[in-house]
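Look for chain A in each of the two complexes below; its partner is chain B in the first and chain C in the second.
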Partner chain A sequence: MCRAGQEPGPHDADHDKNDKTPHAAFAALLEDSVEELYENAPCGYLSTLMDGTIAKINTTLLDWLGLEGEAVVGRMRFADLLTVGGKLYHETHFAPLLRMQGEISGVALEIKEVDGGRIPVLVSSVVKHGSSGEPQLIRTTVFDARERRAYEQELLRARKAAEQARKEAEADRTRLQDALAVLQQSLLPSVLAPVPGMEAAAHYRTASPDRLGGDFYDLFPINADRFAFFLGDVCGKGPQAAAVTSLTRYTLRAAAVHDPDPVSALTTLNQVLHERYTGDDPRYCTTIFGTLDPDPTTGQVTVRLASGGHPPALVLRGNGKAEFLPTPGGLLVGVLPAAAFSATTTVLDPGDTLVLYTDGLTEARTSGDRTALYGEEALLEFAAGHAGRPARHVIQAFTGLLDGFGDGLDDDTALLALGVPARTPRTEAPA
Partner chain B sequence: MDIERRNNVTVTGNPRGRTVVLAHGFGCDQNMWRLTVPALADDYRVVLFDYVGSGRSDLSAFSEDRYASLDGYAQDVAEVCEALDLRDAVFVGHSVSAMIGVLAAGMAPERLGALVMVAPSPRYIDDEGYRGGFSAEDIDELLVSLESNYLGWSAAMAPVIMGNADRPELGEELKNSFCATDPDMARVFARTTFLSDSRDDLKAVTVPTLILECTQDVIAPREVGAFVHQTIPGSKLVTLDATGHCPHLSAPEATNEAITDFLARLR
Partner chain C sequence: MNPLKTTTRHAPTGPVLEISGDLDYTTVGELRALVTALTLQPGQRLVLDLTGLEFCDSSGITAMIIAHNHAQAAHADIALAAVPDHTLRVLRLVGLDRIFPLHPDSDAATQP
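And then the complex of A and B:
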């Protein structure tokens, strides 16, 4: 019982009868001896000089250590009671902190028993200052922390296991991302086929390194004079979308060799996708497919293209204007057994550039709260600002635009620019 | 990169005086020099900093590879000297920093013109014919002590220790904060420190060097002080009437006197 106050308790009536005060009752428990309290407290006590020399130590702590008072007082320093690792810790952390703060509490250390055993303890110290403020001695309490240490060891073990699991998960994630990047690259052409009299450039932006995107593009020769290109977007993401992308690419390339007419190529793709992905896993895509017929004498390139539900291509004219190339009525590819696709034709003069893109660009979230979409109108205005520039500059500008969207870019974005370089003035002296 | 921010560089003292760089050792941070700065501030320009991974340094700049050798820490010193464009400065290094100073003086000889080594040890683990004071097992034990004591460090508190103003709710000064280190970084520093062997580097020291040792120091025993003194040509050894490994805290007057005395004789 440790009631310290003077308030009468429930049994005080009896005490009064026996002429006993509460103090007398406590005295009977021998708790009036400060010396006894100090020596046999349930924790270790010691006082040291500022250099660590032990000046006073209680019986509890001596018993833990298995030492006699005479062997310790004036002969040992506090650090001598510690394990070597503990000494290092004491010198590098404990002592400096105590010097500078005047106190330190709850530091986990180990003390050495005389027979070589170790007791984990929690140590707290305060510096006692003299009347003029100079540090005089250090008072230290030492708590037996065996139970607590066992518990902490469990926590540490669990923490390490969790840390290990996290590291492994991160390594797995990196491996997965690497594999996905390779797979993603395999869905895109490693180089764009060189087209005589034209300059081509492309860019692919993955919205998430954890997921395969569904955008694709290509540029390849059909014969010596004619080239084909396409760019599109498969619905969905991930491995299933990548499988559709792969099928779409190879189908379009094969179809183009068989019959390069754009409507015909898209019709073939529609049949293949519809046949492959019927039932409860319908898959479809939007795409623009086209052919390029360069005319070496005029420098012009005739573009024939058809669209299956894809956002309209942009033409950046050499005179600084930009326009959409509408292909109205084209349906999503792969949804219906027989879909209609609409075609259109344009001629690129020197200085003109055709730009294809996927809706990741037009559907990027803009504005402060990220709710408004970028949209075709803004895109047209942006494109006009770069009309007349070479294809690679246009792609650079568009890449910068994507960078500017930051986390407003939710979807993958593919960009393909096919330009006819402007004629260089003949007045230049040959190099 | 902003080196001054990365290493939490503080410049104080007399701007016209010779520059003295004070480098903390393993354990805490530049606050360890709290009792030294006032003794130097009138006559010297004083530069303080925290090694990356300690104190209020930029923890994001920490790399286990770089700081797995003392060269990484010496690079911190060389970069701080370069950022401040120091010439012929005096480097005062405590404990392992004394050895880091030796390496840094080799990297940037025109920037560091004298060394003060406070309780140095070029090798902590005993070797044939050499007593460093510790066995390899002792060092493992220290690593366990480090793991058991975060001294108030926690991921949540790190921004405060780092002095991050974004979290004013944690604004009060933390107890133990200047000795609180990310346990992973402390472990790297401890390993690098206590497994290092820089005995051969001592011979290359050509600048005036003062060695300060304590009469009783479990981390750097007297034999080690004598070894450093014998190995560095022309060095001066002063044995301070002090115990422990941090004479600049436990016996600041004697330590400051030895340092200022040495500085006054430099020309």
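And then the complex of A and C:
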């Protein structure tokens, strides 16, 4: 016996239709049927003749459109359900492809609602062929893509926002780099003061465009007959180092006017830096400061210089030799309240060039291992190869040397060459 | 690149800081923090034992100067032990070999 709540079996003798399958039984229980599924499926169905005339359409799709079946079946074509753009696309792409391939799927179109609205849909169609193989009708499913479209638009909006943010970040970065470049330039002289009877040239190489370097140099007149120069390297990098560089430059310039003695100038700088930066945040620099006294009658230039912890200056002699000007024991500037600085003097004859450099040059890595550095010996040998040449040629040669280090150049490098041109015009050897 | 390793031990003369590995821009913060947190009594000697120091750039030199200033503020001394050649070259160049007493090893540096 079949009681309420009991599932009827296929061979139940009391059952009204003995040939029902379990599927059909389920369908009956759920009050579902093929017809019901067709009419109220969660997607639109329609069948059209080969010319597009609608032969059959389900309730779901009619509800979306807001139309009655009588107004559609036999009276409208599929393309009539579409927006103007959709119609065009249907005619130029959809229909030809369908004819060619016999099926087409997942095409995004828009259908018109009766009240003027539009619904984004995904349309798939397949051609049904008759028993003799001729195309008979077109079956089409229409999926509601409103959710999907909203999601796509959200994605698009997010992508546009991300793109905008990226553009803004890039613009910010460019602005920052421009500001850094201007600041960096402000730390270096725009031009080197002309010194009678001398030729000067300089080069500055930043290891990283994003970080303000701490190297500096200058050449300026003290009075009509005497000139001063300096070149140095502030510890660290970035805005803090740049602030120290700025303080150092102006202190040295002012100190030189007050008392051009090189040791006095460095002593003044030492006091200023030590007072300003002390304790757990020491800021210091290495510097060579010097004066130039050109003698117009002999063409010679007397150089007096002092060093605070800086690599020794190079002198390239007109006779093809190069030598260091040792300044041993000069202490870093700004470290101790009372510091010793080491002074030396030399005379530049016509054809001689004084070269100052920062340790970015001597500390350049010459191999992957950072313990293998270019060093002073190699520098001296390189310098000798360019001795006797004018200052700008020497700077060119050194710039080429820096180029050759490539990635091995970890630190900024400043170069300053002060040369006395040779008196008799000499024939330049081909480079 | 070798990581920085530091060990602090106490000798009768005061703390001995053994520093090994690479002392550069990326590792120096660690040493700065360690050094400035050290408690030093007046008259004590802070010894930096550099036996295992593989690499030292200008950031490392700054850390040594901070240690120097820290010791001086506490009325204590500072000394360097077993400075490797590569670092000694830099110390000489910047004149710090005349500021820091240098000892061949930490035994010599901790002699009263």
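Keep in mind that, in the parts below, the second predicted complex is superposed on the first by the 256 of 431 C-alpha atoms of A that agree within 3 Å, B and C clash if a C-alpha of one lies under 4 Å from a C-alpha of the other, contacts with A are read in each partner's own complex, and residues count from 1 in each chain.
Following the convention adopted for this analysis, a residue touches a chain if its C-beta (ideal position, glycine included) is under 8 Å from a C-beta of that chain, and two chains touch if they have at least 3 such contacts.
None of the values given here were measured: they were computed from a predicted structure.
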item	value
First, second, both or neither for A:Ala202, with chain B first and chain C second	neither
Which superposed partner A:Gly329 touches (first chain B, second chain C, both, neither)	second
Which superposed partner A:Val315 touches (first chain B, second chain C, both, neither)	neither
Which of chain B and chain C A:Val303 touches, first, second, both or neither	neither
Chain B versus chain C as contact partner of A:Thr286, first or second or both or neither	second
Partner chain(s) touched by A:Leu348 [first = chain B, second = chain C, both, neither]	neither
Chain B versus chain C as contact partner of A:Val84, first or second or both or neither	first
More chain A residues in contact [chain B versus chain C]	B
Footprint of chain C on chain A - complex, ascending	235-236, 278-280, 282, 284, 286, 308-309, 311, 328-332, 335-336, 339-340, 342, 370-371
Sites on chain A touched by chain B in the complex	50-52, 77, 79, 83-89, 91-93, 95-97, 99-101, 104, 107-110, 149, 152, 156
Chain B to chain A touching residues, read off their complex	25-28, 31-32, 34, 95, 134-135, 138-149, 151, 175-176, 178-179, 194, 216-219, 243-246, 249-250
Interfacial residue positions of chain C with respect to chain A in the complex	32, 36, 54-55, 58-59, 61-62, 65-66, 68-70, 73, 86, 92-96, 98-99
